[in-house]
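Right after this note come the structures.
Both complexes shown next keep chain A, but they swap its partner, so chain B is in the first and chain C is in the second.
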Partner chain A sequence: MSTETAPRLAAVAARRRARTGALFRSDRVAAYIMLAPTIISFLIFLAGPIVAGLGLTFFQWDALSPAKFVGLQNYQTLIHDSLAWTTLWNTVSYVVPDVTLKIILGLVLATLVNTFVIAPLRYVVRVTVFFPVIISAVAAATIWNWLMNSDVGLINYYLQQLTGLQISWLNSSDWAMRSLVIVDVWRNVGFYFVVFTAGLQGISDQYYEAAKIDGANGVQQFFRITLPLLSSTTFFLLIIALIDGFQFFDLSYVMTQAGPGDATRTLVYYIYDQSFHFFRFGYGSTLAMVLFVIIGLITLIQVRFSNRWVFYA
Partner chain B sequence: MSEHSEGQQSPRDTTLPRSSFLKGSAVAIGAGALATTAGAGLAGAAVRKAPFNITGRAQATITFAAWGGPDAIKPFQVTMHKFMARNPSIKVNLIAIPATGWASLFETIITRIAAGNAPDIIRVAIEGIALFGSKNLALPLDPFMKRDTAFIEELRSDTTPEMWNALAYKGKQLALPFSWNNIMTWYNTQLMAQIGMGRPKDNWTADDFLAMCAKLKKMGKYGTLAPGAPGDGLFIFECWSMAANGANLLDASWTKSTALDPGNLTAWQFLHDLVWKYKYSPRPGAIPQATFFESGRLGTFFAGRWPLQTYILDKFCTPKGCPMDIQYFPILSGTRKTIIGIDGYPVIRTSKYPEAAWELSKFMSTKETMTDWMRQGTNIPCRRSLAYANWMSPPAHYREFWDSTKTGLIPVTSPPQYDEIDSATFRWFSKMMANEVTPKAALTGLDKDLKAILAKPA
Partner chain C sequence: MATTIERPSRPRTWRTGLMFSPGRLVSRVVIYIVVVLFLLFMVLPFLWMLSTSLKQGIDVFSVPPQWIPSNPTLNSFQQLLSLVPFGNFYVNSVKVTASITVGQLIFCSSAAYAFARLRFPGRNLLFGAYLSSLLVPGQVTIIPLYIIIKDLGLLDNHASLILPSLTSAFGTFLLRQFFLNIPFELEEAARVDGAGPFRILSTIYVPLSGAALATLGIFTFNFFWNEFFRPLIFLNTLGNMTIPVALAFINGQYGQNQAMVMAGVVLAVGPVLVLYLFTQRYMVQGITLTGLKG
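Right, the complex of A and B next:
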């Protein structure tokens, strides 16, 4: 039992509160100062423009004259714009195979290299597979333009020699988007391969040893140990791939100019057309908001359902 | 007793209160949004309200923007040095703007203007004159021209009225004529000799052209390169319609679609057949025409004088010998008209030194500058007096560039909505060349799109 009197205790407590309050305030200020650069950058370069973009959706603006308020007219235009829905469909038809191939190929390559390739050669293989990632998109597109040329390209030359077939890689609506998927997967699978490799190396050998003792074969080990323990890596790559896929533009611009017709015109290409080609920044912002919402929803759904299949060791 | 009652933060707890963070963020976001949106109005206001500034002869630094990479702007560097030597009070910064075509160049220029980073004087072709005029981006040159009447009269006497009209918008002159191009047939003289054809005759027809292509195909060569590669603009499509009785996609006022003119169908069907029926042309792709031509795989291609610089730099065409020459466009039906594109140097409205920019614009249209620039194998000089200059050769029949003006000059379609019309034309043409729609269906679809584009305010 304390011998301190109540007033004395109260005074001590008050002095402590004053000291801790000052300490607390100075700690808080320090925290604000340290976080300030990131927060300011985020607000100026991300949040501010997003909100400004949202505001722009209610205006007509050609970047040269003052903006004119039009209310919801841009959204009404969007609903009746069949080309906008076509570009959304084109985007989805690009994203699905692109993401699937990047994830599966990245995983398969990482597993094969990790399992079957001897240690010194692994580094050579990793560099080789990763190399296209560092090539600029324009350079890659220019090279593939040559390879995929329907009449004088190398691919069709050997295809014809071996099978008698010739494919209109970039000159047909059926194949143009598939061709862009092939080029993008070739260019970016190295990144997924490297991340999966890092994930594989984070899995302890003890699991495999224990599984071997219990009689599990390679395939069973892969599906019962490797895949589940890679689920967090897969989840991360899936989010990245989907966000990246929905923003696809560069290869289409260089290789096909969204053609033939509108076959490779994605939503981002359409946003570029409306904003920078036709100087309709209000409508372009409206399309961009739609894209933002779509990507946001997809990411939210992924995160929401991740607890059903993502395991953190 | 505990030091801290419930709800109180510990002295080491540095968590930011959520309410403070949210309040601060809302203020900053709102400020950012206001600043960004207000900038839109300011940019527009800055472009429209820049004063017409008459400077004295004080030091002026102006920026000159030209389309191209390092090779393409080399001729400009010579010109700039000469200009600055004669105008010591004016300094010129030359900037190169890479672009895939006139449309993409205008996108870059207009974005720079909107961002407040506009050059003072730029090279603009007819395809952008109406756009610049309708958006009030270029300074009308008429007041300057009234003061320099001697130069203007001399220039008018040495050029054609169509060139001046093409660089004017609603009666105001936005640029002085500098260079132009039509579309001619470039042919490989060695391949022509090999197939026993020699030089095609001046009034050769579609049948003559197809006969030539057939002979080349037997040798394993392509007769020509059909348009439709990424970057091909209206100029490249319309020249074919012009060869079919002077047809075009828009009427002379550029306000009505004439895509359903039978001449357009003749032209588009012909091009489609070149690829799919006769296989005289490869399918349109992004491989440069020079690659085909220089490797001897291509008999002809269609262009103005502009590709010549590439062949000179590649040493395919040298003073010792040039295995390429020109002939008029083959006549597809009826009579043939000559399509032209022209360029000049508008002064941007926001220029702080419009007088200095005007002096440079004038200098570009002098005989000396045109000679310096175009003897390197670029465009055709707008001055008639230079039309038959020796340095215009190669090609051997260089006189035909200017002689083609006798058929009547039709400027390439260039309304304010050029970008949209160009885009719509490419879309339908590429669909047709992918053999996914017939030429008639492509032109019907294009006609519908053109009508929708022209119905909107410019």
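Right, the complex of A and C next:
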């Protein structure tokens, strides 16, 4: 800074100290103008609907006749609604394998590629593995729908040739959810791979050198150095994976339509059904609140426990 | 933590022993095989999609399956285009996604600057409240949102998708982080020269944020291009549908003709692939920078 501006800045700073708050009066007005679209949008499309959603849980409404106040009846119905509990269980039985596979596969792949594959090929791997992440879930679902067709799908053909078995991927209540997990992992593992790779590349070689001097082998290095230093990355990915997992809907809609029966009816699917097919807005809102509470609790628990295993380098 | 993105290409295995011992070679080969298998797992579904789309009608059911069609034809594409207005789907998707992306870039930058550099009462509280909205799943607000949209008469209208998405807590958060890292001296100098906040934002912060804005733009564009839940609920007429909803419709309506359905997927995914090849570096960089910040 030139010596000319220094005294001017000092004067400006003095004026700043003299006022409380803004540097210039116009700051406050400018702030309000700059924030106006955000705040308006927040109120109309976010805060308002959240409050309204909560309020709706105390009503029964089908959008045609006037809303009927029913107090806590929706919640009572919910507790006794076995289908709701089934969908909750379905959601959990989706989330657990889905999150586990995404994180473990992503980590293993990233470690293998980062450690053993040479640089030009690493680029190829990254570009290839990341592509399914950016196509729409619907596109992925449509492709795999055809692949997993029990009668004429490609997978069953080769399965038959190789092992004589046939699996009813999308039509058996055993395999339907597993198939959806496979497709979702196929689509998203690239993201986890990329994030883990970034995390791995941020680990300084010095740790490994020191360990090698002390005689540690590859496996020991992985569990004692790599994993702990990746804990913040893993934490971040775990939160994202869980939040995404509980909101799972697209694949189920396209591939199995929540079937067979109710096998792949997740909580979000149930919310969608109740709200937009049966037009039970009150009950749908109640279910949505349950989803909100679940996601909030899980995230909260994760954060609370994070200081046991997560540390930031 | 060091945040290098590209590393020198020497293999790192030297630190665990001899580089060319037999054990090393075997394990190296095994690992390469595993990686290649995984790559195949990623790619083969797309190849099969392409192959199926180039077949006609019942040829898709031929046994053993033909990876390269014996009579490749663009017939299925023509059939599809005669049945559904795919061109409209593109236009709709572009219209909705571009509007949202541009809107978010503009409004998130101005909000981010206000939260980062301007002082006003309740600033931190407001930012915290805004940020906490990220935890709320979309399904909680969708019902009241539906009612609002319906009352505004915007059902089946693209505005129903665009208007609620013009601002983003996530985008504001990202840009605010970025803005906070821009040296304050630049702004001070401009202030001394008499620039007001709008001037400073547009002539200093925005030009310096090219990378962050590009990253945000790409991710926002990709996210809303692929969005399914809201367009499914708000758009009813075929002619108004965006590509994901249209694809689901095609699969549901014409599922017997998989060649045609696959043609639809090719049409949907093809342009994305082309764009991807140009922008994937920026996407990966963007993730890398965000991911490391946790």
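Observations, loosely collected:
Keep this in mind: the second predicted complex is superposed on the first by the 263 of 313 C-alpha atoms of A that agree within 3 Å, B and C clash if a C-alpha of one lies under 4 Å from a C-alpha of the other, contacts with A are read in each partner's own complex, and residues count from 1 in each chain.
We adopt the following convention: contacts are C-beta pairs under 8 Å (C-beta built on N, C-alpha and C of every residue); 3 or more make two chains touch, one makes a residue touch a chain.
Since the structure is predicted, the reported quantities are computational estimates derived from the model, not experimental observations.
When the two structures are aligned on the shared chain, A:N171 is found in touch with chain B, with no touch to chain C. Looking at the shared chain after the overlay, A:S41 reaches chain C, while chain B stays out of its contact range. Residue contacts after overlaying the shared chain place A:D214 against neither chain B nor chain C.
By the touch criterion defined above, A:F130 reaches chain C but does not reach chain B.
In the superposed model, A:A31 lies in contact with both chain B and chain C.
By the document's definition of touching, both partners, chain B and chain C, reach A:W146. Touched residues of chain A were counted for both chain B and chain C, and C has more of them.
In the superposition on chain A, chain A positions 9, 23-24, 27-28, 30-32, 35, 39, 44, 47-49, 52, 56, 63, 142, 145-146, 152, 254, 276, 281 are in contact with chain B in one complex as well as with chain C in the other.
Residues of chain A touching chain B in their complex: 9, 13, 16, 19-20, 23-24, 27-28, 30-32, 35, 39-40, 43-44, 47-49, 51-52, 55-56, 59, 61-67, 142, 145-146, 149-152, 168, 170-173, 254-262, 273, 276-279, 281. Listing the residues of chain B that touch chain A in their complex gives 1, 3, 9-14, 16, 25, 28-33, 35-37, 40-41, 43-45, 47-48, 103, 107, 110-111, 113-114, 135-137, 230-231, 282-287, 292, 297, 419-420, 423, 426-428, 430-431, 433-437. Touching chain C in their complex are the following residues of chain A: 1, 5, 8-9, 12, 21-24, 26-28, 30-32, 34-35, 37-39, 41-42, 44-50, 52-53, 56, 63, 109, 112-120, 124-132, 134-139, 142-147, 152, 154, 157, 186, 190-191, 194-195, 198-199, 201-205, 208-209, 212, 217-218, 221, 232-233, 235-237, 243, 246-247, 249-250, 253-254, 268, 271-272, 275-276, 281, 284-285, 288-289, 291-292, 295-296, 299, 312-313.
On the side of chain C, the complex with chain A involves touching residues 1-9, 11-13, 15-16, 28, 31-32, 34-35, 38-39, 41-43, 45-46, 48-49, 52, 60-61, 63-65, 107-108, 110-111, 113-115, 118-121, 123, 126, 130, 133, 135-148, 150, 163-164, 166-167, 172, 185, 188-189, 191-192, 196-198, 201, 222, 225-226, 228-229, 232-233, 243-245, 247-248, 251, 258, 261-262, 264-265, 268-269, 272-273, 276-277, 280, 283-284, 287-288, 291-292, 294.
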